[in-house]
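Both complexes shown next keep chain A, but they swap its partner, so chain B is in the first and chain C is in the second.
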Partner chain A sequence: MLRWILKTLWLQKPSLLASAAGVAGAFVLVVILHAVFVGESRQVVAYVRHTAADVWVMQRGVGNMHMANSFVWDSKVKRIAELPGVRAATPILYSGIVVRTPGRRWLAFAVGLQRGATRGGPWAMAAGRTTPGPGEIVVPRVFADMAGVALGGRVSVTGRILEVVGLSEGSFSMGNSVVFMAASDLAELMSAQGTVSYIIVDAQPGQDGAGLAARIEQAVDKVSALPAERFIRNDYQLAMQMGTEIIAFMTLIGAGLAAVIIAFTAYSQVARRRRELAIAKALGVRNRAIYAAVGLQTLVITGLGLALALLAAWGLFPLLSALVPQITLVVTAEAMWRAAAVALVVASISAWIPARYVARVDPLTAFKG
Partner chain B sequence: MDTPLLQVNKLSKTFGSGHTEVRAVDDVSLDVRRGELILMMGPSGSGKTTLVSMLGTLLRPSGGRIVLDGTVVTRLGEAALPTLRARKIGFVFQAFNLMEALTVEENVLFPAQLAPGGIAQAKPRADELLARLGLDGRRRALPPTLSGGEKQRVAIARALINAPPLILADEPTGNLDSQSGQEVVMILHDAAREAGCAVVIVTHDPRVEEVADRILWLEDGRLRDRRDEGHAWTRCPVCGMRVDEWTAQHVAEHAGERAVFCSQRCRERFVENPVAYAA
Partner chain C sequence: MWRLAYRQLMAEPLRAALTACAIAAAIAVILVLRGFEQGLYAQLEAAVTARGAPLIVAQAGVSNFIATRSSLPQLARERVEAIAGVAQAQPITGLSVIYGPEGNRVPIYLLVHDRRGGPGRIVQGGPIRGARDTVIDEGLARRYGLRPGDPLVISDFRFRVAGITRGESAMFMPFVFIGYDGMIDLFLESEIAPDLSTFPLLSYLLVDLAPGAQAEAVAELIEHAVPEADVFTADTLAANDVALGKELFGPIMQALIGLAYLVGVLVIGLIVYADAIGRRRTFGVMNALGFRLRHMLATLSAQTLMLLALAWPLGIGIALAIAAGIESLAPVYRVYVLEPAGLAWALAGVLAMALLGAVFPLRVVARADPTTAFQAG
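Then we have the complex of A and B:
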């Protein structure tokens, strides 16, 4: 039976390939959507992850950074820096802004850096300086390329003209691009003089982040202090919550599309072999063996489609990243497992339709010339 | 006297009901013994295929009883029938019905997967059948590359692979030329005589009558005495097979005499050396 099914599929190579390509198309959609989602979600925490602080301190009640507002009196920076176990405390300002160039606007999050700050700035540079002074800005290289801005060029942030002095790498995404400005400029834009948004705390060697965070909360009024891993997790979970429903819906659409293609393909393969199925039944093959054969056939088509999809995705991702740099794509092992699991479910559901057809095939058909 | 392999008792099949009711097979009884070759003839629509379908357990009778090799098959549930068919019945169809994607050898071995020993145990028998039916050199060929005669020989080998006691052949010569048809008939004849199978052949082909032990005539769903009017029987001068002079396709003249042959092959042999065969 196995040999019969596989050889029959192989005999109809163009049809098999067309079916697998159709299935692959649907799965490519699923894999790419997931890659976009994961890529963008990871970009949400790119800044806090690369900053590599031990503890993040913020306004009490605030637990994350992405799209959050936090105000802490700047006097608390000194207080925290003097606590035992703290090696350094670096304040930053943080706010959502719109960066304008002629013909282009882009929503970004601005990080305001103190003069001469060695912490909290961009983690990778394409060109220029990492620390902007007053009237200066560091923008993502991808944004600069899209906007046609080079080093020394000008951008506008809430009516203030700033000179581009640095182009950062890895800081651009559709939902969470990060630019770097002087804290004084950002404070003026936010009307937040005398305050900071977050304090990046570096611990003394051998200090535990969670313990230090607890001690900071005890010693300093009206602040929340979180160890870095929890702070990152909070932001990541928020990003996931924001996109999970959309991605689940998209996955459902992709899987549904794949199911329709597979079911149609399997059905047409079976319908085309109606006579051979009747012969097999007449010769004594049981319905359940034919169901298994149809299931196997569906699995082969799905598996081939999935393999083609992964191959296509592997080839497409670098191309997509080059063509659409504003999208961050990340393929994870989880995405592959998810696609395989979806494929298995889709194949099982799709096999049901041709199996019903098989059950109705009358072995008497074999007698009809 | 041994028990017949196949016992059919008052078998009937009705299609439709009320005004549209048709009795395709009506109160048919017959016994077929091992080693016996039975010919079932009759006009189109007489119920031959319906009867053979019921004998092959592919169609449930409306009434009556079929006993095959001691098993009352009309009492078996649907679940038991595929196994019975796989082990007890070999089918030969007019349209050959080979699996297009499988080679000659794989087609022959196809029913073996349904038998207890499986394909591995059936392999030597397949080799023997392929050799005996002249298909040894074609074992790797796919059905579309075979001639009609070869296809039917493959189908017969497939029918014989599980050594079933009953062979049911529906118009096995219907799509074959004269020579191939004759070969197929002789192979089925051998299956009855040498392998001891009971062979039931449904056909319109009068040439097959020569090898049949019994000829049954089915008309309007009922088995009747065979009608043999309408034939002018003579003998093929080469092989001695009985040929209907009125419908014979292969004819030759020799010394002012008209001779008719059962097949093109016999005619060619005669033409090569008529003196050897002229009476």
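Then we have the complex of A and C:
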């Protein structure tokens, strides 16, 4: 029976290929969506990861950076810098802004850097300077390409015209692009004088981040201090959290679509071979063997669909990244395992309809004209 | 032709049902993705228009409401209210903050309001009465199992859920409404600035017009009297937010929808092809009877169109069911399946898919052997 079913599939190559392609399309939708969220989540933590602080200090009760608002009285920077175990404390301002160029507007997060700051700036540059002065800005190179802005060009942030003095790399994404401005400019735009958003703390050699964070919270009133790894984890989890439900819904929808396509293909092929099935039954082949054959049939279609999906994803991702540079795509092994697990469930569900049909085939039809 | 196509379909009702389901599923995926995108934009629009003011004053240079920061001088309200044609100017402040325990945090949008711009319909509990009262969107309530009377801790400051509202979220962020007393208590408690009187506490002003006043004329007067401000009609500000949303989410949504259309073409093509294979004998008979290729293709197309006619409402039904499921499980999202432009695009796409799908079995139909008509079935 198993050989018969494989032969049946092989005889209908175009149909097999079309259904596998349909199934692949459904899986690709799920894989792309997952890749978008993983890519975005990694971009969300790109700034804090590359800043490589030992401890991050912020407003009490705040535990991350992405989309958060944190205000810390600037007098606390000096108090933290003077604590034993602290090598340096660098304040930054942080705010969501809209960067505008003629014909383009883009949501970004602005980091305001103090004059002469050696910490907290861009970590990789395509061109220009890393530290903007008053009236200047460092923007992601991808944004500059999209908006047609070059070094020396102008962008508008909250009505203020700033000169582009640097193009940064790795700082652009759909939901978390980072631009760098002078703290004085950003403070003026935020009307936030006497306040900083976050404090980057570098520890003395041999100091443990968690211990230092605890000491800062003890010594300075109404601040939260988190070791870098916990701060990064909080941001990453927040970003992934926002996508969890959407990915789950998309997985269900994609799986449902794949199940219907597979069930349709398997049913069509089995229905076309009704007489052969009737003969097999008349010859004493048991239903169990026929069910196994149908199961194998759906498994082959699903497996082929999954393989095509992975192949398509592999080919599509570089193309998508080139065509839509706003999207950062990252495929993880977890996403692949998840797709395979869903495929297995889909194959089992899809086998039900053709199996039910097979069980009802009357062996007598083998002898009808 | 139509009758023949109909009889072919009815000859195998289970197969016809499965076929319609497969096409409907492909249609539903397209509609849900489109509906999700439209929902994102509609939420952005409603976030502004639901504040209920014809004119909105923002910081000069700020032309959006959500996800950006606007900061107006605290005395701006007085100056705006002194302008002829302004009935009242009510303050509103927007702040995105993060809520939830470690490992389960989500961004929320804190909307601080006075007498205007608060939550629309309260579906559970009551309005804000005290400084620590909040009204939260049901998306947040559902996610964390919050009910009226429960505490809501934001930045270590303990608020109390007074009521739950519906449809107040945008950009994946449920809104949380608080009063100005609550915001000042939160800021004082958090010791965020040396002097709160100079701290930005006011984001926008919601301006109501005096009877007979013209919005454009009043806007001009405000911009003249308060140079630190820009004035927008609610519709313009909403359109700006929608445009920003399209810049941000448009590319990925278009990529996903394009892929969904591709899957649709494959599904319909597969179905039409499988159908042509299954009816090779019928085409052989038609060939033997002298039917031309275009007649046979017309019959096939008629059948596909009939299936589409069946699958289209079914697809809408499935999409509506999925949308209802999503909105019920995660009310922070809106899926607008029945948006006319979206439906028209999807229908045009499905018809195009059917035309493309009809090309798949061209070879099978053209090569249908007339002698098969005389072979045993």
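Things to note:
Note that the second predicted complex is superposed on the first by the 369 of 369 C-alpha atoms of A that agree within 3 Å, B and C clash if a C-alpha of one lies under 4 Å from a C-alpha of the other, contacts with A are read in each partner's own complex, and residues count from 1 in each chain.
Simple rule for what comes next: a contact is a pair of C-beta atoms (placed from the backbone, for glycine too) under 8 Å apart; a residue touches a chain by one contact, two chains touch by 3 or more.
All of these numbers come straight from a predicted model, not from anything done at the bench.
When both complexes are overlaid on chain A, chain B and chain C end up sitting side by side without clashing. With both structures placed on the common chain, the touch criterion links A:Trp10 to chain B but leaves chain C unconnected. By the touch criterion defined above, A:Ala307 reaches neither chain B nor chain C. Touched residues of chain A, counted separately for chain B and chain C, are more numerous for C. Residue contacts after overlaying the shared chain place A:Arg160 against chain C, while chain B stays out of touching range.
After superposing the two complexes on chain A, the angle subtended at the C-alpha centre of chain A by the centres of chain B and chain C comes to 90 degrees, rounded to the nearest 10. Looking at the shared chain after the overlay, A:Met67 reaches chain C, while chain B stays out of its contact range. In the superposition on chain A, A:Gln237 makes contact with chain C only, not with chain B.
After overlaying the two complexes on the shared chain, residue contacts for A:Pro363 are found with chain B alone; chain C is out of touch. Contact with chain B, but none with chain C, is seen for A:Glu276 once the two complexes are overlaid on the shared chain.
Smallest inter-chain Cα distance, chain B versus chain C, after superposition on the shared chain: 8 Å.
Comparing which residues of chain A touch chain B with which touch chain C, the overlap comprises 369.
Residues of chain B touching chain A in their complex: 49, 52-53, 56, 58-59, 82-87, 91, 93-95, 97, 99-102, 106, 110-111, 113-114, 158, 170-171, 174-175. Residues 12, 14-15, 18-19, 21-22, 25-26, 28-29, 32, 59-64, 67-69, 71, 73, 95-98, 102-107, 153-157, 172-173, 187, 189-195, 198-200, 230, 243-244, 247-249, 251-252, 255-256, 259-260, 262-263, 266-267, 269-271, 273-274, 277-278, 322, 325-326, 329-330, 333, 360, 376-377 of chain C are the ones that touch chain A when the two sit in their complex. Interface of chain A with chain B (complex): residues 1, 3-4, 7-8, 10-11, 275-276, 279-286, 363-364, 366-369. On chain A, the positions that touch chain C within their shared complex are 12, 14-15, 18-19, 21-22, 25-26, 28-29, 32-33, 36, 59-64, 66-69, 71-75, 95-98, 104-107, 156-160, 174-175, 189-195, 221-222, 234, 237-238, 241-242, 245-246, 249, 253-254, 256-257, 260-261, 263-265, 267-268, 271-272, 320, 324, 326-327, 353, 357, 369.
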